[in-house]
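Next up: the structures, one after another.
You will see two complexes here that share chain A, one where it goes with chain B and one where it goes with chain C.
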Partner chain A sequence: MAAPGRMRCMYIFNRNGVCLHYHVWYRPLTTLSPQQDQKLMFGLLFSLRSFTVKMDPTSNNKGHLGVPQLPGQGCSFHAFTTNTYKLSLLETPSGIKIVLVTDPGMGDLREALRYIYSNIYVEYVIKNPLYVPGEHFRCELFNAALDQYVKTLK
Partner chain B sequence: MASNVYNLFIINKSGGLIFYKDYGSLGRLDTNDSLRLASLWHSMHAISQQLSPTLGCYGIELLEADTFDLRCFQALTGTKFFVVAEPGTQGLDSLLKNVYGLYVDYVLKNPFYEVEMPIRCELFDLSLTQLIRKDKGVIGR
Partner chain C sequence: MSTGFGLMAPLLRPSDASAPNVEKVNAELFTLTYGAIVRQLLTDFEDVDEVNKQLDTMGYHIGIRLIDDFLSKSNVTRCTEFKETAEVIAKVGFKMFLGVTATVANWDADGTECSLILDDNPLVDYVELPETCQGLYYCNVLCGVIRGALEMVSMRTEVKWVRDVLHGDDTFEMRLKLLKQVPEEYPYKDDE
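Here is the complex of A and B:
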């Protein structure tokens, strides 16, 4: 069995919570069905966002806990680390969330996520005339470009 | 050396807030909000374990946000200690271990303290403030 790289899996969600893409590199443990897992992931991101908006120590007027936030409104988080994985998030102004789950030793992935969004997702998916926005997509060129880029990340 | 710790929370194993102290943030939380945030953190800590791609996940240890970093330490009993500090602050995990040491000495060993209840131990408060202030770097905030 080939040694796994640092990547574990990746999710792409749109602003309504639809999982547009789920990519897995190395995931020995899956506790839930894919749909439930994706819903749980989106729910966790949503709740963590509400949490960080309210917890923000640099602003004193934050409104109520649980009010849905627009992308870019209030304090958001870009990563969290556990003992077994690190989750990095990029939320674009259009509400697209790219989530990358890697091994915990990974560094700051914000630039990598931005690259994945603008040079892989936008190029191969958004600019694809056959793609219907808001739906789950499956694109070979996207997968190939992603795999190739991800190999360069350390 | 922690440079600027904003606040500290301690939650019991069921997710209830037992201690909250603000050390100088602009967003000091009122009682209700601090209770809600503590329970929210407890649930998210548990959910993050479910989403792990490999076995043996103990939950979120570090959360990096735009304006703060949050570090969490979970004791073997399930009691969670978490600090909110400036982004990039070093030494938060050793700070949390020291807080845990103070908790064991001043709270658990206090014969009048009921476990899982809100902490009302003056000595704990004092030594905690000393620990946080001592770590606040030489610049003096």
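Here is the complex of A and C:
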């Protein structure tokens, strides 16, 4: 593996928890099978979001923990940082979740995630007539454009 | 690469440099291409009701992709209120993909049913329905598009034409009925 940049890996999920794409730049340690790994990641996002809603001090309409919410209802988080990595998340009303895992010193990636969604995912995947919506994709152009773009992120 | 569907509107926010370029398609080419598709379906299925169904299904498949194109270009970040969503479809969605705007009207008392009224419909330029096709909803593809797009933002809907200029009405009116808003649930079973 080449010398690590600041990117670690990226996941794209749809609403049904299907991992549409998994992209890895630098990940020296992998202990789980890809399926388990992706499922845990989706579970982390899902649970963390229900906790953030429950703990929201500005809203009193919280319902009970774990009760299904309508998409876009309640608050959500866009990033968290640990001492070893930072996870940034973009969630669209259509249920697409783009997760970017980077080194912990990375700045705000909300714009970057938006760019990846609009200019890379929509352009190369959604508009690809051979892509079956809701299924895992493998797309050379997408990978090339993504690699190119993340190089510009500071 | 392009879906080739209706991307002929002028740029929605020309000042916004971050917006991806919206490809434009010549309006006549678009209208005639759509006409050719409907014509071919009529030849293939020989049954007007079946063609209506096919158009709706085609629209649905367009809609489930178009939603992401729409969201990425419009910067809409949430679609939770049906009322608000209907307005966005009429004012922003139609503008972006067909170059016209619609009016939202005739809400029912519960706020779950409304009409989109289209005074100008670029799909029907040069179109007249022959005697044999009086039951054809020529623009049924649009109903499918809206149904598909709304389904992706968790709104199950029923969409149909109630007034159609090609059937002698004074305008195009599409009826939009919200059946259910589907909540986000944890998608995996525990024992998986």
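Convention: the second predicted complex is superposed on the first by the 152 of 154 C-alpha atoms of A that agree within 3 Å, B and C clash if a C-alpha of one lies under 4 Å from a C-alpha of the other, contacts with A are read in each partner's own complex, and residues count from 1 in each chain.
Here, a contact is a pair of C-beta atoms (placed from the backbone, for glycine too) under 8 Å apart; a residue touches a chain by one contact, two chains touch by 3 or more.
Predicted, not measured: the structure shown is a model, and the values here were computed from it.
Participant: Should chain B and chain C be called a clash or a fit once both complexes are overlaid on chain A?
Facilitator: fit
Participant: Between chain B and chain C, whom does A:Leu32 touch in the aligned arrangement: first, second, both, or neither?
Facilitator: Touch partner of A:Leu32: chain B, not chain C.
Participant: So, does A:Leu48 touch the first partner chain B, the second partner chain C, both, or neither?
Facilitator: first
Participant: Touching A:Pro129, do we find chain B (first), chain C (second), both, or neither?
Facilitator: In the superposition, A:Pro129 contacts chain C only.
Participant: Which partner, once the models are overlaid, touches more of chain A's residues, chain C or chain B?
Facilitator: Result: the larger residue contact count on chain A belongs to B.
Participant: A:Leu100 in the overlay: touching chain B, chain C, both, or neither? Say first, second, both or neither.
Facilitator: In the superposed model, A:Leu100 contacts neither chain B nor chain C.
Participant: Figure out whether A:Ile12 sits in contact with chain B (first) or chain C (second), or with both, or with neither.
Facilitator: neither
Participant: Kindly classify A:Thr81 by the partners it touches after superposition: chain B alone (first), chain C alone (second), both, or neither?
Facilitator: First partner only, chain B.
Participant: Please give the nearest C-alpha separation between chain B and chain C in the three-chain superposition, to the whole Å.
Facilitator: Distance of closest C-alpha approach: 13 Å.
Participant: Taking the two structures together, which residues of chain A meet both chain B and chain C?
Facilitator: 43
Participant: What residues of chain C sit close enough to touch chain A in their complex?
Facilitator: 1-3, 18-20, 64-65, 67-69, 71-73, 76-80, 152-154, 181-188, 192
Participant: For chain A, which residues count as touching chain B in their complex?
Facilitator: Its residues touching chain B are 8-9, 26-32, 37, 40-41, 43-44, 47-48, 50-52, 54-60, 62, 65, 75-85, 87, 101.
Participant: Which of the residues in chain B end up touching chain A in this complex?
Facilitator: 6-7, 25-29, 33, 36-37, 40-41, 43-44, 47-68, 70, 84
Participant: Can you name the residues of chain A that touch chain C in the complex?
Facilitator: Per the touch definition, chain A meets chain C at residues 15-17, 39, 42-43, 46, 68-73, 92-96, 115, 117-119, 121-124, 126-129, 133.
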